[in-house]
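Given below, in the form of C-alpha cells, are the structures.
Heads up, the next two complexes both have subunit A, just with different partners, subunit B and then subunit C.
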Partner chain A sequence: MSEPLTAPRRAPRRYALPAAAGAGLLVALALPFYLDRFWLQAGLFAMAAAIGAIGLNLLTGATGQLSLGHAFFLAVGAYGYCALAGGDEEGLTGLGLPTAVAAAGAVLLAGLAGGLLSPIAGRLSGAYLGIATLALIFIGQHLLFNADDLTGGYNGRAVPPLELFGYRFDDSEDVLLNVPFGAAEKLWYVGLALLVAGALFARGVLRGRPGRAMNALRDHRIAAGVMGVPVARLRAGVFVLSSMYAGLAGVLLALVFQRTVPEYFGFVLSLEYLAMIVVGGLGSVAGAVLGAAFVSLLPQVFMRYSESLPLVSATGDGGVAPGEASRYLYGAAVVAVVLFLPGGLARLAPRRRTPEKKEPSDAEDAIQTQTSAHRA
Partner chain B sequence: MTTFVELLIGGLSTGSVYALIALGFVVIFKATEVVNFAHASLLLAGGYVAARLSGHIGFWPALAVGIAGAATVGALVEFLVIRRYRGGEHSVLAIATIGVDIVLLTEFTRLIGTDVLTLGDPWGDAVLTFGSVTVPQTRIAALAAAALLITAFLLAFRYTSWGVAMRAAAENREAAALMGVRLGRVSLSAWAVAGALAAVAALFLTVFPTPGLERSTSFAAFKAFPAAIIGGLDSTAGALAGGLIVGVTEAMATGYQAELSFLGRGLGDVAPYLVMLLVLLARPAGLFGTRELTRV
Partner chain C sequence: MLKTPYRHRHQHTVRRQRPRLAAVAAIAATLALTAAGCSGKANDDDAAEGDGGGSELRVGDGVTATTVPLGVLTDMTGVYATLGKSVTQAQQLYFDRFNADGGVCGRTVELTVRDHGYDPQKAVSAYTELEPEVLGFPQFIGSPYVAAVKDRIDGQDKGLVIPQAWSATLLGSENIRQIGATYDVEMINAVDFLVREGAVGKGDRIGHVYFEGDYGENALAGSEYAAEAAGLTVVGKKIKATDQDMTAQVTSLAKAEVSAVLMSAGPRQSASLAGVAAASGLDVPIVGSNPTFAPQLLETAAGPALLKNFHVSTSTLPIGSPEPGPAELAAAYGKEYPGELLDTGVIAGWSAADLFGEALQRACKAKNLTRGGVTEALLSIDSMDTGFGITHDFSDPAEPSTRESLILRPDAEAKGGMVVAEEAFTATAAADYAVGGAEG
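Right after this comes the complex of A and B.
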C-alpha cells in the first residue's frame, strides 16, 4: 500500500488486494531460503491451521453452525493418512497405498465421517449442535486410545513421508542455491499450494450461490427456507465440506509432526480453532487465515523469546509457560473481539467496498430484534 | 444383583451432582439465552478455592468461601462480558464464553498443576452397609445435598419474587422489562446461582472415591453438557432427568466394563455422549425441551 495519498481512490483499490496477495505469495515462496527451521515449522503449523480454520469458518462463520468437534475431523485426517499410507510395521495395520492417494483418501474419510453425522448436523443448530459435536471429541479420544492396531494407541503412530512423482518430502537433504532443503523446506511448498487452493476454493464457495444460501441460512433460517434454500441439506453439506478441510489440515499437520499422538486432538484444539475464526473474523477466508496465523504463531513467538519477555518463563519453571501465556492472550482476544471488534482482525485490514455490504439500516435492525424475540 | 444396586446408587448420586451443574447451566440459558461454555471453569474455581483454604480454616468455612468465590466469578463473567455485549446474536456470545473458558481453564490448570488437592471433607472413605450392599458415605451425602439444593431451588423458582422475575424474563424479555423486572439483576443473579451450584458440585466430584481436585476434574464437569442437552436446554426438570441419565449410564458402563470390553477401555467416559447423540437423533430439542416453533 505505498501509493501516494493523492491518487484517485477507486482504481487502486480494485487492484490493491490482488496485488497484496500476489506480493505475499512471492514472499512466501522465497521464505524457505531465508528463515531457519524453527520458523518454517511454525509457519507450516500456521498453514495447516489456516486450512482447518477456513473449513470451520465456512461452517461456523458463514453458516452459523457452531462446532466444537473440529479436532475430531483433524484426527480423522491425520490418522486416516497414517493408516492408508503406512505399512504393517510396529504391529500396526496399514494399507500401504501411495502417499498421494492416501492423502486424498484421508480427506475423503474425514468427509465421510462428517457425512455420517449429517442426521444430527442437518437438524440441529446453535448450542445443541455445539454440544453434540463436543461428543465427537470424547468419542474420538476413546477411539484413538482403543483402536490400537490402527492408531498406535497411547504412543501414536509414525507418519510416512509424502512422496509425489518419486520425490520424497522427508529429511534427506537436497541443497538448492546453497540452502539445505529438509522436510520443513520441502513441505513448505506443499503446504503453500494446499493453502492457496483451499483458500481459493472456499472463496469461490462463499461468493457463489452456495455462499449466499449459507449466509441467508445464518441470518434468517426461515426466510432462507421460504426462498428455497434446502436448510437441512445445506447444513449437512457444509458440515461435510468443513470436515474435509479439517481432514486436509490433519494430513498436513501429521506430515509436519512426523508422528501423530492422540492427546493433541483434544478439546483444547477445537477451542483453538474457534478462537482462530473469531479473532480473525467470522465468515471470511481472510479472517480464517489471519486468525490461524495469530493463534498458532503466538505460542511459538513466546517460546522463542521467553527469556526476553516479562512474565513468561520457560516450560517447567513454575511461572507462566509460553503455551499458557498465549492461551491467556487469545482467550482474552476472543472476548475482546466479540465485544469490541465484530468482524475480527480481517475488519481492520483495508478492503474493497462492495455495494451490497452496506451498514444495516434501522429497518433491518428491527427485523433482527423481532427474530430474536421469536426465538426467545 | 448387589453390584447392580451399588452401581445404581453410585450412578444416581453422581447423576444428581451432574444435575446440579446442569441446573446452573439451564438457569443461565433461561435467564440470558446464553449457552455458558465456561461452566466447567466456574466449577474449577469453586473447587480450587475450597481445596486451598480447607487446610487453613477448616472444611465448612472453606466450602462456604468456595461457593461464594464461584458465585463471584460467575457474576463477574456476567458483569464484565455478557452485559457489555451490544449485538443481537446470542450464539456469538456463546463463543465469547468459550474465550472466557480458555482463559479460566488455563489459569486453573496452571494453578493446580500436577497436584491432587483434597478438600478435607468430614466423610473421608467411610462406607455404609445395607445387607450386602456397600455405599460410600460421600455418595449418600451427595445425593442428599443435591436433592436438598434442587428442591430448594425449584421452590424458590416457583414461589419467590426472584423466581417469578426469572421466569418472566425467560418467557418474554421485553414484556418483563416493561413490567419492571430488572433484567440486569436477573441475569447477574442467574450467573451467581449457577456458580454457587457448580461449586457444590465441585465438592462432590472431588470427594471419595475420586482422588481429589485435579486438572481432569473439568472433564468430569463437561458431563453436565450432555445432561443439559438430554433433558432439553430450557427445562429445569429436564436438567434433573438428564443428570440422572448421564450419571447412571456412566456408572453402568464403568461397572460392567469387563462385560463390555470389546468396546474398549474407559467406556464410562464416552457412554453419556453416545446416549446424548441417540436422544438427539430422536428428539432434537432434548427430552423435555420446548420444540422450536416458528410463526412467520
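Right after this comes the complex of A and C.
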C-alpha cells in the first residue's frame, strides 16, 4: 500500500517541519519578555507535561505497554529532588546536595524505581501492566501522605530553587533588557532546554534501532521475539526510560509549583497523561508535545476566559458556573479531537511519514531490519 | 516502515529549500530581538505613586480611582463545592452591601472569582493569574495550596490572604490570617467541655477519629495535649477523606471502651460514626471540629443519633441563632439567594469579607490603600466583634484570633440545624497551650 513517492511534491514538507520547529523555538525564547507570569507558568506546566508525556508515549504509544503509574514516577522525581536538595528545615529529612546534582539524582531515582518494577514490567503486557501499575499510585500516594519526615505530609514540602553555576532560578528579581525576571521567566529557559533535549533524545530512540524494535514489539510480540528482539529486556528498558522522563517532568513541576503537594500525584494525573498521548498522537514525540500542550493549557485558558463566554452566569446565579463551563468545554474538545482526528493532533501538522507508522506491506522490510538490527 | 527517510533522503534538491528555512528563522529572530525592546513587561518609569507626606491617599496593587479589586480562590466544582459556594455567595453579598454603603475611599470593591476545583495546578495558576491584579484575597480554599504559595505571599507579593481553613500550620504570617480558633484549640475546648459535662473522668479513654493531613493532625495534637492535662488517654483512628463507612472505627473504639469520641473529619463521616455507634450500642457523646456538620445530615437515617449525642466545637454562633448578627445575615442571605442552603460556610465567608472590609476602611483612614497598608491595618484590629459570638484579636500573627470556642448541638427545628449548647469559653488548658507546637 505504499503511496507513490513523488519527490518534488514532498520536498517542501520535509523542511517545513524543522523550519517551523526552529521558528517556534525562537519565538519560545522571546516569550518571557512579553507574557505575564500566568501564561509563563501555564507554559511551564505544559513543558513539564510534555516531557512526561514523551516518556509515556515511548512506553504506551511506541511499545504498546499501558501504564497507569506515571503519576507515581512524577512524584518520585518531584519528591526525590526535594529530599536530595532540601535541608533539614521544618523537621524534614534532606541531604542538602547541590540542586543540579539533586535534579539529576531525582531523575536517576525515578529510573531506579522503574528498574525495581522492571521485572514485572518486563513480563506483563498491555492492560495487565496497566493494572499492576495502578497499584503504584495508591501505594505512592499513601506514602506521600504519611511519610511526613520525607514528604511533609498533606501540605507537602517546599522546593529548593534550582541553582546552576551560582545562578539561582528563584523569585529574586533580575532585570534583563528592562524586563524583570522572576522565577517563571528564568525557569522558562530551563524548561525549554530540558524539553528540547528530551524531545531530541526520544526522537533519536524512536528513529533508531530501539524504536523499530519497540514498534515491532507493540505490533506483534511473537514476531518481534522470533526476529530476535529481547522482549522482556526491551519492555523493562523502555519502562525505566519512561520512568526517568516522568522523573524529569516531576523535577520541573516541583520547581514551577515551588511546593510539592501529594494531592496532585493521584490517579487523575495518570489519566491526564494518557489523555495527552491519545489526543496528541500515539507513538510520536510531536504527538506527545502537542497533546501535553492541549491537555494542560486548555483547562487554564477556559478557566480564565469562561466568564466572558455566553450562557455562563456569574457565580451564584444558578446557571452554569465558569468552572463547570470550562470542564464541559474541555471534555467536548477532547471528544472532538478523538472523534475527528483519530491519529491525534500530530496529524494536523504537515509532517513527513515517520517510520513508526507501519503498513502491513512493510512487514518484509521490518523483518529484515529487525534481524539485522539484532544480529550485531 | 522505513521508506521515506532512508530511501529518498538524497533525491531532493536541497538548495531550493534552504532560503525559505533561513528566511523564516531570520524573520523570527529579528522579530524576537527587536520587539524585546518594546515589551509591555518592560520596566517603564512609572509615574510614581504620590507619597505626598500623609495628606494624599496612597494607592497601589491594582487599586484604581474607582475600584478596589479583590480575588476569590474558591472551589465550586471539587470536593469542597458546597462550602465554596456558600462562602463565595456570602462574600458577594457582603461586598454588594459594602459598595452600596459607599465603598472605601470613594471606590467600590470588585471581586474576581476563580474556581480551582480543588486541583493543585489550577489553584496555583489561579493565584498567579489574579495576584498581579488584586489587592488581596478574602477567600482561598485549600490549605495545601495556601501553603504552596506561602513563600510567594510572604516573599514578594505581601497581599492579605484569608484562607477558609483553621490549621495552626498556617499561623505566623502577617499576610495569611485565619479567623477563629485553630483546630487544636477547638479540640482542647471540646475535651474541657466533655470533662465538665461529666462524660469523661481521670483514667478514661477518649476516641479521636481524624482525617490524615494537617486538619486532622492539628486537631489530634490538641486532643492529645488536653487529654494529658486531664489525665485521659486518646485512642486515635486515622482515616482518609474517601473512607465513609465508620463501622471498623466504631468497633475498634467500642473494644477500647472509650467514654467519648472526638471527630475531625467531614460531615459524611460524622453521620456514619453517629449512626453506627448508636446501632452497635456505643452510646457516648461525640464532639466534632467545626467542619464536621452539615444541616442535610439531620434528614439522613443517622439524624436521631446525631440529635442525641453529637456536638460541634466552633468559633461562631450557628446561623440559626436568634442573636442579631446571624439572624440578619440569615435573612439577607435567604433574600439574595432564596432556597440556598444556610450552612457554616455562609458565616465563614461573611466574617472573612467583614474582616477584609474593616481592614480596607482602616487602611483608607490611614491614607494607605496598598497591600502594606491593609496588612498594617489588620494588625491594628485587636478587638473585633463581628456579631457572631466571639471577639477576635488580630494583632499577633503567631496567635489564632481567639482561643474561645462555642459548643453547638444539632436541632432539627433550627435554621441551619444547630443551636448553641454552651456559650463561648476558653478551657484553662487552651489558655496555656502553645499553638502550633513545633510546627514552623
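The definition used in the following text is that the second predicted complex is superposed on the first by the 310 of 376 C-alpha atoms of A that agree within 3 Å, B and C clash if a C-alpha of one lies under 4 Å from a C-alpha of the other, contacts with A are read in each partner's own complex, and residues count from 1 in each chain.
The working rule: contacts are C-beta pairs under 8 Å (C-beta built on N, C-alpha and C of every residue); 3 or more make two chains touch, one makes a residue touch a chain.
Because the structure is a prediction, the values reported are computed rather than measured.
By the touch criterion stated above, A:66 is placed in contact with subunit B alone, subunit C being left untouched. Once the two complexes are laid over each other on the shared chain, residue contacts for A:327 go to subunit B and to subunit C alike.
Of the two partner chains, subunit B and subunit C are each touched by A:146. When the shared chain is aligned, no partner comes close enough to touch A:208: not subunit B, not subunit C. In the superposition on chain A, A:27 makes contact with subunit C only, not with subunit B. Partner contacting the larger number of subunit A residues, of subunit B and subunit C: C.
Of the two partner chains placed by superposition, A:96 touches none, neither subunit B nor subunit C. Of the two partner chains, neither subunit B nor subunit C is touched by A:87.
When the two structures are aligned on the shared chain, A:304 is found in touch with subunit C, with no touch to subunit B.
Look at A:127: by the touch rule set out above, it reaches subunit B but stays clear of subunit C. Residues 145-146, 321, 324, 327, 369 of subunit A contact both subunit B in one complex and subunit C in the other. Within the complex formed with subunit A, the residues of subunit B that make contact are 29, 33, 35, 37, 81, 84-85, 87-96, 98-103, 106-107, 110, 170, 172-174, 219, 222, 225-226, 228-229, 233, 263-267, 269-270, 273-274, 276-277, 280-281, 284-286, 292, 294-296. The part of subunit A that touches subunit B in the complex is made up of residues 64, 66, 119-120, 123-124, 126-128, 130-132, 134-135, 138-139, 142-143, 145-147, 222, 226, 267, 271, 274-275, 278, 282, 320-321, 324, 327-328, 330-335, 338-339, 342, 368-369, 371-376. By the touch rule above, subunit A contacts subunit C in their complex via residues 2, 5, 7-8, 10-12, 14-15, 18-20, 22-23, 26-27, 29-30, 33-38, 41-42, 45, 89-91, 145-146, 153-156, 158, 171, 173, 175, 177-180, 182, 184, 207, 212, 215, 257-259, 261, 263-264, 296, 299-300, 303-304, 314-316, 321-324, 327, 352-353, 355-356, 358-359, 362, 365-366, 369.
The part of subunit C that touches subunit A in the complex is made up of residues 1-5, 7-8, 11-13, 16-17, 20-21, 24-25, 27-29, 31-33, 35-37, 39-43, 74, 76-77, 85, 88-89, 92, 113-118, 120-122, 124-126, 128-129, 131-132, 143-145, 147-152, 155-156, 169, 212-215, 217, 337, 438-440.
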